[in-house]
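First chain A sits with chain B, and in the next complex the same chain sits with chain C.
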Partner chain A sequence: MSRAWFLYRKDLRIELRKKESGASMTFFGALVLVILNVAQGPGRRLTPETAAGVLWVAVIFSAVLGLGRVFARERENGCISALLVSPASPGTVFAAKACVNLTLMILSQAVLVPVFFVLFGTGLTGGPLALVPSLLLVDAGFSAAGTLLSAVSAGTRRNEVLLPILLFPLILPLVALAVKATGSALAGRALAERLPLLEPLAAFGLIYAAAGYLLFPFVVREG
Partner chain B sequence: MAAGAGEPFLTVEGLRKTYGGTEALRGVSFTLDEGEFLCLFGPNGAGKSTLLKILATLLRPTLGTVRIRGFDLEDDPEAFRARLGLVSHQSFLYDDLTARENLEFYAGLYGVTDPAGRAEELLRQVDLYDRRDSPVGAFSRGMQQRLTIARALVNDPDLLLLDEPYTGLDEHAASLLRDRLGALHDRRRTIVMVTHNLRRGIESATRLGILSRGRLVFLSHRDEVDAEGFEDTYFRCMEAP
Partner chain C sequence: MTSRRVPLLPLLSSLLLPAAVAMVFFYAPTERTMGVVQKIFYFHLSLAAVAFLSFFVACVAGVLYLVRRERRWDAWGAAGVEVGVVFTTLVLVTGSLWGRPIWNTWWTWDPRLTTSLILWFIYTACLILRSAVENETRRATYAAVMAIAGFVDVPVVFLSARLFRSIHPTVIRSDSVGLEPAMIVTLVVCMAAMLVFWAALVRLRYGLHLQEAVVGDLERRLGES
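After this line comes the complex of A and B, so read on.
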């Protein structure tokens, strides 16, 4: 088994035991959806584009809660130093952490997307499955950028404040594209029609992943 | 770590480390042969932990080199780390995992063939086998320190670095650690330990060194040192300008 797998399995084991990140992400995201539904008022329908915006507000804000926690755990008892003196390269540590964040986002969305359709689904042509490509592509880019920046912020005293301040401007293009792609899916457009929107999402994901992989050693190592 | 013929196991040459305007290390040089056990003494701020961090590849020196069997540490740090063990001020343990899970995780990270078997063997050696399925967060300081030592030995390291390993250990645990270090020394593993505790250091080491204000002001073989008078030597070194 590879070193990345041991790292990934260790984090998921702790997460399953503590239920800190996944549960808080899901609960917070569902709460945001309910509040927005109450604000919308009874009997009103959202356009696909507005509904997509509502979904991404809930997904992005809830995901930030989990991102910070996954890396903060390595700062307790100095575990990050143990990873750095191990033969696992910083790139391997980054890849494993990004995969943990990706898994948590997917698990949280497995609950949030059905809740979204229950609350806002009336009048939308596209179903939950149509959202899968755009969700997965954004999740990949978001978890890569988020893992890098959570490593930056985990070394500071106010990491829970610093992480969103650093992360949101960086992922703005990704979220803007995600809203368009999701809106298009909710409007019932075929996958082939949505490809021009999905391709840039994949490109952003690759750029964030490559940047994270290359920059991570400089973020976690002391001078 | 491949052997370089005729080279000492560890060569530290002109090591300097500056933090801002403060010099933590001011030109430290020494060599160690395979199987030697160096104990470095010194007061707080002498540069002991900085030296250990550089040897562990956690810090880069401002100037100077570290070579293992003639090969610069910078050339292949990952191969070096695979054969390194480190006991630091912090435990490097995950409170939410059990003792067994912690050791299995680290064994996997180091590519140990049978992580479960290695974890069991080490838990027995540090007398924690009966508590193997308890979460580490529930352990006393002494138990955590014993598990920390087991963690550092998970890859059967060629070079073991120890930063104040006796801190928090009761007599039983200290005796277990002494036995483990003795066993490693018998198997020609190289050990570098930094401590304030003169008695513990003298009883285990084959080389004794004193760091003061970032300089290695004393280095000698244990056989050449009068154990009774070493305390006087230590304080003389501290007073020297």
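After this line comes the complex of A and C, so read on.
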């Protein structure tokens, strides 16, 4: 546990000093939001469901950008071998990396969600706080599945292209559920009504946390 | 591997498949409301069943590869994914062909359609992944991980797809089968034919993958000497 915490702090410190993943994730996400706002045309209002779709497009496209970096960094400098001979088990490395990705996603969404409300907020009854449960659950599932697959794609020749190709099909059901849950949150419905939608989101997170913990060691040892 | 025994499965399927086609068109009665369009159902259902079976095979082969580290499990997994993707493509195509005249749309977001489409995407990504890795053991490990990660997605896919309204017919329920006896016989023959055909294809691809690996070994040894 303390080893996972140590690795987590190490990655966050690198991130704070270089600011490559988090900053580019946030910037790209905001860019996607602006592009979608332009594409929507001026002066038109979106229904809550469509607005939720817009938010999720920005979130997953920006998240996949930062996800690849966290693992590719270890590969480039051969640090992965150092991590493997260190006392930390591969499962611990997975947990630490997934938490780093989760943190980065939450940080970038802390900026993206306000930007989303500025651009698309008119006519939506639900506020930013109503989105928090579904955002957190999707972030957890996304970072668990994403960490596993970014380790896979980092070992191939076409790292950057391959990660979204591998990851997006897996998270498609997650996005479908998240759009529904966020749509009803934006329409101002109560949390209890959204619970049947949030449960499968949590299940996805648990499934991929377990699958990642078990499968990640096999992937990193192929280095 | 290079045995010269009779190709039993391909021979059997070359008999069974034409028989199944003949039964579909000449034995099974024509459905009253849907007419001749309904006949695609026999192939659609059989294809869907074996497509799902091949993804299951790929997942099991993936687990066995990670545990045993034997080349043949990777070959089974690769064969399963390849044949599964081809069959899922056919499921989607036959479904669309049926849906256009009956539902008046090529596509709808129904649980079963959504699940098939997402599975198609996941396992096609698996094929792309295989082509992107040169090293044999690394490719095998990655492909195994992806096949397992894709298969554990199925429950969530189905849960999420339940949100969409379903207009897909449920022909086979737990208590009854909504078909004429002659139709049931045709369906059973069709499924058996498809299963044999599927097994033949998977078996052939498996052998081919093993031979490719052996050729790779020989090439490497030639390069060393």
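Operating definition for what follows: the second predicted complex is superposed on the first by the 221 of 223 C-alpha atoms of A that agree within 3 Å, B and C clash if a C-alpha of one lies under 4 Å from a C-alpha of the other, contacts with A are read in each partner's own complex, and residues count from 1 in each chain.
Methods note: a residue touches a chain if its C-beta (ideal position, glycine included) is under 8 Å from a C-beta of that chain, and two chains touch if they have at least 3 such contacts.
Bear in mind the structure is a predicted one, so any value in this text is a computation, not a measurement.
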Worksheet item: Touch check for A:G78: first (chain B), second (chain C), both, or neither?
Response: first
Practice prompt. Have a look at where A:E222 lands relative to chain B and chain C in the superposition and call it first, second, both or neither.
Written response: both
Discussion item. Just checking: does A:V152 make contact with chain B only, chain C only, both, or neither of them? Give me first, second, both or neither.
Written reply: second
Practice prompt. Considering only the touch criterion stated at the top, classify A:L7 as touching first (chain B), second (chain C), both, or neither.
Written response: first
Worksheet item: Which partner does A:P87 reach: the first (chain B), the second (chain C), both, or neither?
Response: first
Practice prompt. Answer with first, second, both or neither: which of chain B and chain C does A:K19 touch in the superposed model?
Written response: neither
Worksheet, complete the sentence: In chain A, both chain B and chain C touch residues 222
Discussion item. Quick check: in the complex, which residue numbers of chain B touch chain A?
Written reply: 19, 53, 56-60, 78-79, 81-82, 84, 86, 88-97, 101, 105-106, 108-111, 151
Fill in: Residue ranges of chain A in contact with chain B within the complex
1, 3, 5-7, 10, 13-14, 17-18, 73, 76-79, 81-89, 221-223
Item to complete: Report the residues of chain A in contact with chain C in the complex, numbered from low to high.
Response: 145, 148-149, 152, 155-158, 162, 165-166, 168-170, 172-174, 176-177, 180, 197, 200, 203-204, 207-208, 211, 215, 218-219, 222
Worksheet entry | Sites on chain C touched by chain A in the complex | 66, 114, 118, 121-122, 124-125, 128-129, 132-135, 137-138, 141-142, 144-146, 148-150, 152-153, 155-157, 159-161, 163
